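Paired with chain B in one complex and with chain C in the other, chain A is shared by the two complexes that follow.
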Partner chain A sequence: MTEHKASIISWFRFDRKGLGFFAYSMHRFSGVVIVFYLYLHYAVLSNLLRGQATFDAVVRAAAYGPYGIFIVMDVLLTVVIFYHGANGVRLMLNEMGLGLAHHKALFFVLEAGAMALMLLFLYYAWQAVLSGSGL
Partner chain B sequence: MEDARKRSYGTRDRFTTVKWFLQASSGMFLVFFMAVHLYVAHINGGSPIELFDSIVRNLSNPWWLAFFLVFVWIITYHALNGVKGIVYDMGVSRRMKRYVSYTFIGIYLATVVYGTILALIVASTVSA
Partner chain C sequence: MSGNEYEFTIKRKDDHGKVSYSDYSVPKDRISTVFEGLLYIKENLDQTLSMRYSCTMEICGSCAVEVNGKPKMACSTIASSLKTDKIRVEPIRHFDVIKDLVVDLDSFFDKYRKGLPYIIREDYGDYSSELLQTPEQFQKYEQYSMCIKCGLCMAACPIVGTDEDYLGPASLTAVLRYNLDSRDEGGKYRLEAIGTEEGTSRCHYAGECSEVCPKGVDPSSAIQKLRWQVFKHEISGLIRGRRK
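And then the complex of A and B:
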């Protein structure tokens, strides 16, 4: 079996590599982003031990941030999570031999479905943000 | 269909296939867990500043506590196994792969033990 080296920079060299490579690269990139966020999430949740006042202050700062910039980052994170999930489903279906002949179409269908669900989620999550921010 | 399956599994040994199956099946669980988590935490949980009450209320329910513990164990496994795969693909030697594997097992155990203790402490504080 041949070993292949894949540097992180090579994930972003999309020229003439096709949709499959783009999906592969973005799956890995989104995975790394989610892992980073996962540990950040654990760190924020650790503040539960410091009581409600501290936890609420931390979450309020983490939810909105200066000029609401963290909300923008949360939206980007949501895109990453939904992309990763939909592509993961496609990979599993392909590995089971399903949809291999139409894997590009499957990619677009699943990603479009995931993005539609994401917009629905963001709409309802935004209502919750508005109700707490006094915006 | 049969040809496609052979193409998918043909170059893998049994152990690699088991590891792939664990990664894929944990990913499928996470689609469900993540959907529930996003709904509970960001829609049903109300505004972000009400999250403390929402979290402690959920963790005081043994079923939700079990749900979140399993969620932490599975998502941490899936995440660290994915990162380990990326590190392996960077061309590390067979010997180095063993050390990388032990390192990730250590990080996994530390994370899930910490996450479990954190959840149990919060749950017991509420119910006390």
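And then the complex of A and C:
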């Protein structure tokens, strides 16, 4: 199958593909984003080794960064985590033979539920940001 | 859908690897299936068109192509069911194209063979009486035995498209088919053969394979069942302390 050498680019060729392909590609992509975030998180936390003041400065910069970019990134990260989690639940159920014949419906139901929970989470998170207690 | 002709657009690849698209008009009253359309083109409009077929009745698995972006058997795809006069035919994905619509299926059958898709007996076939099977025993694997090795599931599988070593839905389904056969005693060899990184664990339940399978084999559910077989096999191997 040499002409069709696997590449990450092919994860994003959604043209004329089914929902299963979308779910698969986005699960992988979101997984990579989460792993990236995890290491970013470690990198930020590692500033504690340089003292409280440095750490606080980094966190402040992250929270209020240029154009609120980190807030936007946090929101995107939330979307990714909720998406990944919901599809992960579907995969676990499928693994046990549950809902395999209706995997698309299961995908929609779980993702819709996850997105509703996410909106609720974002609402409370935003309230916390506004009140200052979340920073 | 009002005209008297279907507009076929066919992806071509010549002997030098040059890829192009050719357009043909095919009278509606001369064809029923997409395959008949291709044959009409070959017989009346362009003899250089290459395609693969044999049975023309969805049995041999030869005529797999992509029709309007979906992997299908040309011989069982009714042209009018496509609900459009424009019919785009391309070779199936994830395989090297030899010429026009003919793809190289060697990689598919190489993977298929890895799963030891035949009855294995501890007595090496040296048995004194016929190996009888009840209808109930047959029904356990009947669905999985319907596979015609067309490769549509391999063309639809996103994992096959991103990991060329993944054994793929058809090969893994064949493993389950033989593992469920009451006459077989080779399950453990097969599970050893496919219990690798490129076996069942690669599947991500995209479900595209089951959707395109023309014979209702449902490779996705086969892989799910096989995964449990592999899991049990691994656990029992661990308990017995003879892990590879």
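Note that in this section the second predicted complex is superposed on the first by the 127 of 135 C-alpha atoms of A that agree within 3 Å, B and C clash if a C-alpha of one lies under 4 Å from a C-alpha of the other, contacts with A are read in each partner's own complex, and residues count from 1 in each chain.
In this section, a contact is a pair of C-beta atoms (placed from the backbone, for glycine too) under 8 Å apart; a residue touches a chain by one contact, two chains touch by 3 or more.
Please read all numbers here as calculations on a predicted model, not as lab measurements.
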>> After the superposition on A, what does A:Phe121 contact: first (chain B), second (chain C), both or neither?
In response: first
Please indicate which partner A:Asn94 is in contact with in the superposed arrangement: first for chain B, second for chain C, both, or neither.
both
**OP:** Please indicate which partner A:Phe70 is in contact with in the superposed arrangement: first for chain B, second for chain C, both, or neither.
**Re:** neither
Of the two partners chain B and chain C, more of chain A gets touched by chain B
(Q) According to the stated criteria, A:Ile81 is in contact with first (chain B), second (chain C), both, or neither; which is it? (A) first
Shared chain A footprint, chain B vs chain C, residue numbers 1, 3-8, 91, 94-95, 97, 100
Seen from chain B, its contact residues with chain A in the complex are 1-2, 4-5, 7-8, 11, 20, 24, 27-28, 30-31, 34, 38, 42-43, 45-53, 55-56, 75-76, 79-80, 82-83, 86, 89-91, 111, 114-115, 118, 121-122
Note: in the complex, chain A contacts chain C through residues 1-8, 10-11, 15-18, 20-21, 23-25, 27, 90-91, 94-95, 97, 100-101, 103-104
Chain A contacts chain B in the complex at 1, 3-8, 28, 31-32, 34-35, 38-39, 42, 45-46, 48-49, 52, 55-56, 59-60, 63-64, 81, 85, 88-89, 91-92, 94-97, 100, 121, 124-125, 128-129, 131-133
Residue set of chain C touching chain A in the complex reads 69-70, 93-97, 107, 156, 158-164, 204-208, 211, 220-221, 224-225, 227
